[in-house]
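The next part holds the structures, each set out as structure tokens.
You will see subunit A twice below: alongside subunit B first, and alongside subunit C after that.
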Partner chain A sequence: MTKQTYERPFIQKLNTGTMNKFGTRTEYTPVTQIDGVPVKKIIEEYGSPCFVISEKTIRKTYKDALRAFKTRYPKVQFAWSYKTNYLNSVCNIFHQEGSWAEVVSIFEYEKALNNGVPGNKIIFNGPEKSRADLQKAVENESLIHIDHFDELYELTDLMKNIDKKARVAIRVNMDTGVYPIWDRFGFNYENGQAWNAINKIMSQEKLDLVGLHCHIGTYMLSANAYSIAAWKLCDLASHIRNKWSKTLQYIDLGGGFCSANTLKGSYLQGADIIPTMDDYAEAITSTVLNFGFKANELPTIILETGRALIDDAGWLLGSVVATKRLSDGRRATILDFGVNLLFTSFWYNHKISPAQEFSFHSEEMVLYGPLCMNIDVIRENISLPLLNKNDHVVVHRVGAYNMTQWMQFIHMRPKIVLIDMEGKTHVVREHETFETMNRYEKNPAHLKEFSI
Partner chain B sequence: MKFWFETIVHSYSQIFFSQNKILGLLIAFVTFFSPKLGGVGLLCVVLINAVAYVAIVNRETIRQGTYGFNAVLLGIALRYNFEPSTQFWVLLVIAVCILLISTVWISGFFSKKNLPFLVFPFLVTYWLVAHSVSNFSLIHFDESRIYEINEQLKLKDTFFYKMAHSMDNLHLPEVLQVYFKTLTGIFFQSSILGGILISIGVLIHSRISFLLTWVGFISAVFFFKLLGADIEILRSQLAGSNFIFMAIAIGAFFIMPSKHSFLTVFLLSPVLMMLLFFLAKMLSVFQLKAYTLSFCVLVTVFLYFIHQGWLYKFLSLITIQYYSPEKSVYKQSIYNKRYQFDQYAKLSLPFWGVWKVSQGYNGGITHLEDWRNALDFVIVDEDQKTYRNEGMHTNDFYCYNKPVLAPLDGYVYAIENMVEDNQIADVNMNANWGNTLVINHLNGLFSQVSHIKRDSFKVKVGDYVTQGTTLATCGNSGRSPEPHIHFQVQMTSEIGAKTMAYPFAYFLEYGKKGMALKLNEVPKEGALISNVETTPLLKDSFYLIPGKKIVFYNEMTPKKLIEWEVFTDAWNRTYILCKATKSVAYFVNDGTMFYCTDFEGNRHSLLFSFYLTTYRILLGYYKEVEIEDFIPVNYFSHPIFLTVQDFFAPFILFTKARYHSKVKEIDNTYAPEKITIESTVHAQFLGLKTGVIKHELELSQGRISSISLLKNNKKTTYICVS
Partner chain C sequence: MEINKNIAISDSGFIFNPTSGDSFSTNHIGMKVIHFLKEGQTPDHIITSITEEFDVEAQVVEKDLQDFFQMLENYQLIISHG
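Up next, the complex of A and B:
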């Protein structure tokens, strides 16, 4: 028998509540390995903190999502939302699975081109596209999703000098029964702005309206909202069919599907309340199927879901820097990653597991990051076993947004490791160094030297 | 003018079951070895076709020589027997009219039984005339026939006589002499040269027919000698020609040339011999000549026999008559495989996306006995699991509540919607089929889908549903331990009727090596399968309906237009006609596949390129799917290889033409605006490549925009203008 690890004794306040026969005991499942690779080994090899991405999980999640739609509707196309995670390796896994690219800036656009995505399989979204960006998109026959009239006028003006047709769609915002209404992207459906934009486009010879797009929100807890959105897009499509005798190629429902992360303020765990991919698929496909299109005129459904496809496939590994007791008696644990790396901790209560065995005793504590800033709080209140310095923790579901919204602030950004289908690890992004940051700085000559 | 030329020449070549012009001219030439016979023969041909031209609507049958070939024989036979006089000419005209009427009547009578009329009209007419003539005192027998030696002396110095008999003194083996004389004997002549010319004509027409003339003749000689009959009989009264005609008819013309057909010819020879003697003796009582009656009787009876029995398995009947045994072999050997399922209704899978066959035909679990030809479908994930989470609830199953589609157009015949879904692992043995839907696809075809979710029906009894319509959703009702779809095809309407094995026209199977297109197969147990989704541009481009005109021009010569038009014939076969080159390409477009079924005409025409390019095109885009097929070799192989192959064609095919097609470029998958299809044909001789033809077909704006021919590093492009 191995020697039991020593744990300090502690006093826990008794909370009243409904009695249950299990008492207040909390069981932890320590996460000692990811896809068969020991967490300890990853940290030893690649340092702490460190992001881990599982190729297996990505592919499985993607296939599950595709199956949910494809077994309900014949024409479905996913477009990988670059902003969610634009690591080349991640994008290419999706592209290998058949995803197109959905980009929202010229930087992402070029990233997609650089990854080898054919121009006509890139969807160009976003509210900001310069004249040069538009020109590039037209030349590459990309799908331009027009966000506002100024963009439409810019494009119309631009097309005068181009001997080509631009493939465009409009972004439509609408009331889907979910509040607040996201009305900042595109043209409004209810007040006729969208219809106005459509007519403006249809009367332009060089603009080829091929689809309709909407981005109704993010982390949508109601699948029914998509049903309403799909119906409104179908309605526009059928009006276009009637007025202009033009059959649209696709309707793009955007993204916004939930991942199983728990939102701050949510009483229940995320996994228990979010709609499943099947719920979303059922809501969207049955609406389009029942709308009354002719069998040969069914539009392709494009989906730009990002979060729901990648969140589960990312983990953040870190270590305990120190533990301390706060003035009010609460326990605090300081970790070597903070909001600089875990941007999503601003809105999620991330699930965090210890990476090694503990006894079942736990204590409420606050998790701080390493930044010398008051905002650097990972979890304000979490019940974890009594972690010691140098113990490891694993943060779950960090695949979406963290690797694109992370900050270089005070600390450098760490390595990102991909575990492939065979369980082999690959560094897919190196950690930053002092040199990384210093390279771009320029010091005027008179500021080069000083003596204190 | 051309019509009349062809009509006359075909009238001659038809005697040897051919439409070869050289053969026709050679025969006509041989009949003129005796100018008086040849002249009357030709006169009869012209006469009957002229009368037919006035009296008969279908000019094509006239052009094929259908009415003419009996007339050749009749004219020659009458002139051979009777002296020309005014009365004779009158008689001749009447005889020709009788011949035409009897041809129409006999062909109509026999065609009901799907049998040919052969030379029955000639025999009937000849007997009629020959018998009645004895009462016409003003018509006399031709004495030159009776006083043969005198006649010979009289004609000895004439040009035709000299030529006809110029080779008679060659010291040929007896068999050869008899063979050649038998051939000329058909036209009441006796000439070695004539026989040689005719046999050369037959050889040019068809190597197989040529072989068969020998097979028929040698078999006859063999059995004559075996049974001690005099082979000189073969030369007289058209007796020997019976064997030759029978050999061609049975060996290659009505039956696919094969080792079996050759064997049949040999085995039928003694029968024919006995029939010959029997009929000659029988008819001699009535003072009638049997001539070619025995072959007509035997062929007719034997063909009738094949229609009824199982012999067709070895002796397959020729369905499309090309008047060329070689073409028949080359085309039909491929067509038999290619179109054996064309009569079947084209079923599609009753779902969207990729499903797995969880229980196939003869599944062993529930697909037993009368219900053995049924399929169960479920959805699985990468780990072959049918459910997510614990799988304790129907909702955990991937296939639960997924749409079920109509496999084919039809009327909803019956709906059972009374059974609740089972708990997982429970089965409802009382309501075996659970909620079920039966569709009547008409023509005695029904399909049944079972274990549907209660109240999920989107159609009602009596609705007409088209292929792919959502019917209901998958449930777990009836004898179903976990959600799945049960699908079966049946011949009667009852729920749970006896099942029938029936293939799906097209589906994709997903294996370790990627996807493969399956045609007319029943998916196997454990296979992952999906329907073929079509691509709009491919579908639009190949939507060729009768009346559609397609115009091309060569890139180099934009002013010279090539015009095609789409037509449909009496058998509802659609084809593209290129008037300028008189070429025809038959095609089928069933909504999932476009394929050319036949080509006749000019091999240097653009239409031929089109035929090669679109021999088989899948109307859906799948990157990994490459279409393969075989094209009849007669279009490709080198002439020398092909001639060698011709002789062996009934026995073994060592030349091949392989066809491949795939989408080379596509601008986007779901709503493409430009697609380039690449097709390749490899000609092979004994497995070695002897030639390659490549084509590229470009589609845009919903139609074919250009065809390019790539040959010897040269690219010739034809632009389609409308």
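Up next, the complex of A and C:
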């Protein structure tokens, strides 16, 4: 006789009359496969925890975003924001789709070159570029987005010894009605600083001002903010046209479009409140089209969209280490991944699903990671089925920022697996080992031995 | 350990405690355990019965029962004698 499947005994008090602020939505439809590959098989083969990336989802998300803009505006160019996820395989999927590269450090710059991106299709952003970095970017004809006057002076000085023109833009910060204003990067629009920088650049023979850039914030819930940003960049472009008879090649609206993750503190699910790609595209393109440029002088619209293009394509698979009861009666579940791997759990209430079938019973619980540290909380309160040791879970929408901001802390980092268009799996980053970590340490001779 | 004799249990796992007015829901195994307790079975006997019927190790059941009894006690559904 085969025995019945066991579920641990469970009892829950029924509260009548009180509203549950977490809503009645059940979050626990099991996720047993990703792109047709069973979660169980992935964990058996590659271990737990393990990141999974869907090539199919990346390509589809990219194509949908491109379509939203291209159907509204003739000249659109995406530049993949490397810091969002700079795994070479991920970058190259975007490059195969036609994306340029957007980088914010020489490390990311080298990565883009190494991936085969032509120098003149790399946008170099960020507040820290050394003289040597700038020189390299000039030689490769990359687009240098100047962040502050010190960088402008450094570049001007550097150009004295270079027999070439530097292709530059400035980053502009501005009031778009969303607060706080991100004014630490770039030159301010409202107080005339941006206009001042533009005039300094225009008076330099070796600096070729080709565009204007802004990145007004991240997870922007207002599409209208982009309309304001686009208008202010167009306004600067038309002033440049009037004063210097110079037509800019592009305006770059940066990133910041929302992914469908739910921000902490929001009672509403992310997917229900965020603007769609069409909303963002409409806000930006209609502003530029209606601004009054001549047809042959329309600037290319560049977008550095990060999280909205990659979040949906990433999953984190993990397992239950233990379940316990806290002193106040709450249930706690300890997982084999924590904030070390899921950096974005500081911002988001990530959706987490069980990876196997359960009865309809669910219980509220807190989800902890494996770190022996009080900060290691993945979800303060989530309703999930009655999880047991060794059960698997799937965290949704982890493609952005986790695989770059994860930390080697207490535990080592696991494998990242890509599922290709045919459903084949590939390890695209190996797990770290003791050897990986130890390789970088040097122990002085007098500290090699001890007896205890 | 003694179950509060007054409580009413429905077949669907709905439990009502007329003394306090509280109601609860439990799952299939939870119901079984409560029935065993009503019959006056010892925890050891309950563990054996469950492992015979379900695909589970005794030590897992033991840990889960400990937690379950604690919850029953918190909800004043059982009276523990020491």
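Here, the second predicted complex is superposed on the first by the 434 of 452 C-alpha atoms of A that agree within 3 Å, B and C clash if a C-alpha of one lies under 4 Å from a C-alpha of the other, contacts with A are read in each partner's own complex, and residues count from 1 in each chain.
Keep this in mind: a residue touches a chain if its C-beta (ideal position, glycine included) is under 8 Å from a C-beta of that chain, and two chains touch if they have at least 3 such contacts.
Just so we're clear, the structure is a prediction, and the values are computed from it rather than from any experiment.
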- What is the contact status of A:Ser359 with respect to subunit B (first) and subunit C (second): first, second, both, or neither? second
- Query: Which of the two partners, first being subunit B and second being subunit C, lies in contact with A:Arg325: first, second, both, or neither?
  - Reply: second
- Task: Pick one for A:His411: touches subunit B only (first), subunit C only (second), both, or neither.
- Result: neither
- Answer with first, second, both or neither: which of subunit B and subunit C does A:Glu282 touch in the superposed model? first
- Between subunit B (first) and subunit C (second), which, if any, makes contact with A:Lys246: first, second, both or neither? neither
- After lining up the shared chain so the two structures overlap, which partner does A:Lys63 touch, if you call subunit B first and subunit C second: first, second, both or neither? first
- Could you tell me if A:Glu7 is touching subunit B, subunit C, both of them or neither one (first, second, both, neither)? second
- Item | Footprint overlap on subunit A, where subunit B in one structure and subunit C in the other make contact | none
- Item | Sites on subunit B touched by subunit A in the complex | 351-355, 379, 381-382, 388, 398-399, 401-403, 466, 468-470, 531, 533, 536, 539, 667-671
- Message: Please output the residues of subunit A touching subunit C within their complex, sorted ascending.
- Response: 2-14, 16, 325, 329, 359, 361, 386, 388-389
- Query: Which of the residues in subunit C come into contact with subunit A in the complex?
  - Reply: 15, 22-30, 32-33, 50, 52-56, 60-61, 64-65, 67-68, 70-72, 74-75, 77
- Message: Could you list, by residue number, the parts of subunit A that touch subunit B in their complex?
- Response: 59-60, 63-64, 67, 70-75, 77, 118, 120-121, 141, 210, 249-250, 282, 289, 295-296, 300
